[in-house]
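Scrolling down, you'll hit the structures one after another.
Paired with chain B in one complex and with chain C in the other, chain A is shared by the two complexes that follow.
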Partner chain A sequence: MRNWRYLVYALAVIVFMTLPFYTGVYLLNVAGYILIFMTLTLTWDMLLRSGQISFGIYGFFGVGAYTAVITFLDAGVYPLFSIFLGGISAGLIALVIGLVVLQLRQLYFAIVTLALGGIFMVVARNIPELTGGPEGRVLPSTIFDGDPTKTYWLILAVAFLTVIISNLFQKSRVHFAVTSIRDDEIVARSSGINVFKYLVFLFSVTSAIQGLAGGVYGHIYGFASPEGSFDLNFVLLPMAMALLGGIYTTLGPVIGAMLLGSISEFLKLLMPYGHLLVYGIIIIVVILFFPRGIVGTLAKRFQKKR
Partner chain B sequence: MAILKTEDVTRYFGGLIALKNVNIEIMENEIVGIIGPNGAGKTTLTNVIAGVYLPTNGRIIFSGQDITELPAHRRCRLGIGRTFQLARPLGDMNLLENVMVGALFGQGLGQRKARERAREICEFLGIEEVERDVTRLTALEIKKMEISHALATQPTMLFLDEVMAGLNADETMEMIELVRKINARGITVVVIEHVMRVIRELTHRVVVLDWGEVIAEGPYEEVSTNSQVISAYLGEEE
Partner chain C sequence: MKLIKRLGQRDYQIAVISIIVAVVLAYWKPYVLVEGVQRSCLYAAIALPMALILGLVGIINLAHGDFMMLGAYLAYWLNVYTGMDPFLAIIPALVAFFVIGIISYLATIKHVLGEEELIQLLLTFGLAMVLQQIANLLWTSQPRKIILGYVSSSASIGSFSFGTFEFVYVAAAIAMHVGLLLFLKKTRLGQAALAVGQNPRGAKLVGINVDRTYLIVFSISIALVGAIGVLFMTRHSIFPMVGGAFTMKSFCLIAVAGMGNIAGIIWVSLILGISENFVLSFMGYAGWADIIFFALIFLVIIIRSHQRRVR
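Then we have the complex of A and B:
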């Protein structure tokens, strides 16, 4: 059983890596787009496992995009390294902010993170010398000169990294800490868990990955702008994807992102903006009937049969 | 030697005085009972000592160290273990994993060692089939799980907050034996209890709280005939 599972994982990795060899440019771009959302979905879930709902993804994503674009344009930093800097800056900002806002929990934390993204956007809009103001900054060329295969592999690398980190967390003591915190924070503290430390750590790591994804996004599409980089869709879609696939797991967000990402791409062609309606319907149906998502529901079925 | 000492510990909740100048001393390896009517401040006292709340006033000394300002997780690592009045199992983990959490973070063990330790402790408490869903345990099993969880943090002092509540006579006897066994391992035990038979059989000494104040202290026989204690429980004679 266990070996069989690893075989499936290995196959999936091979399929993802070799995708450029048997698909066209259009499908590759779609796959890249979905993988970026998969990355964001996983980071959202990683923090959710501790019971904290963050709406801050779009903020840190935008910080990453801006950092990557600005360091590349103004400091002449090598593109891949500027993406890395995007992750670092988002992580550091999250660390500092986390020390304050993680005194809050759940609803209050969620609202503050939502506001954070808005604040970042206002800041970006109002220092035109650095950020280009309302128009943002545009790159002279996209990364790898727009080579679709290399671009795809770059996104894939970030997605793999995120899957690995998520899985490491699930297999290590981090899993026990965050699950305890989610279930009962007072019991967690009374069991010797430094709740604050774990929350700040998780918030920083997930925000850093979001910044990394933002940096990649900035270089792929060749720009950073207030509306384009700080887009609420970078929160709402990952949430829908995680809920559909199944929260508190690594596999759930991965499956949810692939499914919903593909569906939305298809719907975009059928009726512009119609996909948003479908997201809404999917979220409602999932929350009402399958609160643990696809993976959670199947896992439960499977356990019962045994 | 005193393992725990509270000096004028006071705790307000808004305008409500939950604890007022509580001075208690608990000796190493003692079994002490804390009794008092509902709302007397027994659980608040436990929470203030375990670090869930900070005292509004006063000092708490544990093992010779001032822990008044320490957060709960540090107190746990120093050796203060506790159960909760309303059992609070961590529902997303099985029974063994619940116990493991204590060993992982209270003792800082690695996963493999923590799992071993958790199994030992479950065996010590007579819990069978440890890989079970915690939402389907009997009252006795839940209590035992709570104690295992606390023991897994390797406490030198253990607070048991109404662990006998809801148990039948046989189960209560079993639990009394267990507490004695735990005490025999060198762990100081504080039992917060409403069942007087348990207090009488188990404790070396009793502290009586009423309206947040210590109104009596001493061996059970002495305290149970104290007129102030009787009136706290039964009301004043007209």
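Then we have the complex of A and C:
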């Protein structure tokens, strides 16, 4: 059983790595787009496992994009390193916010993070010397001069990194600490788990990855602007993907992202203005009717049969 | 939960400080004071129904501002197609949004009442997105505004002139505040709702229909916020995303005032509204006004968690 699982992993890795060799540019772009959202979806779910919702994905995503673009343009930092800096800056901001807000959990945390994106947007608009104001900043050329294969591999690397971190968390003591916090915080506290420390750590790490994804996005599309980088899509879509696939697992968000990501490509063509409506409806329907998502529901059925 | 409390010593202290600030402002920048009060009453009027839902039903409704947005659109289209005056449109809005409230409660909110907070937050967030996107799909993201003659009426004291129409928001906030207190204290339904808010199980034991009370409280709140949306539309331009900021600011007011403190919401909204207008009055820095509510909520969280640690 165990070996079989590793075989599937290896096969998936090979398929993803070699994708550029047998698909066209369009499909490669779509795959890259889906992988970026898969990264966001996984990081969102990783924090959700502790019982905290962060609506701040789009905020940290935008911070990463801005940091990468600005450090590249103004400080002349090498692109890949500027993406890394994007992740670092998002992580640091999350650390500060987490130290303050995670004292009061769930409701307060969720709403403060929901406000974050808007706040970052105000900041980005009002320091035109640095951020270019409402127009944002534009790169002279995209990363790797727009080579689709290399950009795809860059996105893939970030996505793999996220999957690996998510899996490591699932297997380490972080997982047990986090799950016990979600199930019963008082019990977790009295068994000697430093709840606050784990939550701040988790929030910083997931936000840093979101910033990393944002940096990649900024370099691939070659710009950072208030509306484009702090877009509510970057929280709505990952939430819908994670819920559809099944929360609290690594597999669920991955499957949800692939499924909904492919569907969204058709939806965008079908209804260019209202396709976000579908994601909102998916969130509501999943919560009301099958809160465990696809993976959870299937797993339950599978267990029953056995 | 205590919704109505007597004035304590602290309230008098707050009142004295606010009067001093008001006098200083009235000399220095009178328009900041007047417009700040008008703005804060709009905030308070939007936040009160949200506080009602949070206090009595126990749900934080992230779609709150979006119901207001829909109310604004309702009045807009009534005005465009039938020429109906927005003030008259309040009545159909109340009725329509009472029904919308019933539908949204029965279809969604009802099923997550017993669930954990996390699920409730996700659900109402999904609801907010659906409402925003419906508006976006039907009416596009283009901002809309109607021009009404009486909106720009003004009065002047000496050389200082100010808009008088916006005092509608002051009236609305006061009416809503008094109305809510009367409803909760004097009517049977309000008393039942208070009892349910304090202890749902106890209320059920003494024979109150908890489920129906939730339904009515939720629908009344949605009706009220829809009606405020109508008033909002008279003075501001509307677009599908306009409600999001008001959801955040309403939550900020409720959180800073303390859950279930209705009078506190008025005070906090005064602080928020006047300081926003204060920032707006400086040329070149006006863009930063939208950050104040966040600073306020951050400050309060720091103070709260500090208090908790001391205790």
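Everything that follows uses one rule, which is that the second predicted complex is superposed on the first by the 305 of 306 C-alpha atoms of A that agree within 3 Å, B and C clash if a C-alpha of one lies under 4 Å from a C-alpha of the other, contacts with A are read in each partner's own complex, and residues count from 1 in each chain.
In this section, contacts are C-beta pairs under 8 Å (C-beta built on N, C-alpha and C of every residue); 3 or more make two chains touch, one makes a residue touch a chain.
Remember, it's a predicted structure, so these values are computed and weren't measured experimentally.
Visitor: Answer with first, second, both or neither: which of chain B and chain C does A:Val195 touch in the superposed model?
Guide: first
Visitor: Taking the superposition as given, does A:Phe55 touch the first partner, chain B, the second, chain C, both, or neither?
Guide: In the superposition, A:Phe55 touches chain C alone.
Visitor: Please indicate which partner A:Tyr78 is in contact with in the superposed arrangement: first for chain B, second for chain C, both, or neither.
Guide: After superposing on A, A:Tyr78 lies clear of both chain B and chain C.
Visitor: Of the two partners chain B and chain C, which one touches more residues belonging to chain A?
Guide: C
Visitor: Tell me the contact category for A:Ala177 with respect to chain B and chain C: first, second, both or neither.
Guide: first
Visitor: Is A:Val187 contacted by the first partner chain B, the second partner chain C, both or neither?
Guide: first
Visitor: What residues on chain A does chain C touch that chain B touches too?
Guide: none
Visitor: Which of the residues in chain C come into contact with chain A in the complex?
Guide: Its residues touching chain A are 60, 62, 108, 111-112, 116-119, 121-123, 125-130, 132-134, 136-137, 140, 244-245, 248, 251, 255, 285, 287-288, 290-291, 293-294, 297-298, 301-302, 304-305, 308.
Visitor: Tell me, which parts of chain A touch chain B in their complex?
Guide: Its residues touching chain B are 172-173, 176-177, 179-180, 182-184, 186-195, 248.
Visitor: Using the touch definition up top, name the residues of chain A that touch chain C in the complex.
Guide: Where chain A meets chain C, its residues are 48, 51-53, 55, 100-101, 103-104, 106-108, 110-112, 114-115, 118-119, 122-123, 125-126, 232, 236, 239, 243, 271, 273-274, 276-277, 279-281, 283-284, 287-288, 291.
Visitor: Tell me, which parts of chain B touch chain A in their complex?
Guide: Answer in residue numbers: 50-52, 71-73, 76-77, 82, 84, 88, 90-93, 97, 100-102, 104-108, 110-111, 149, 153.
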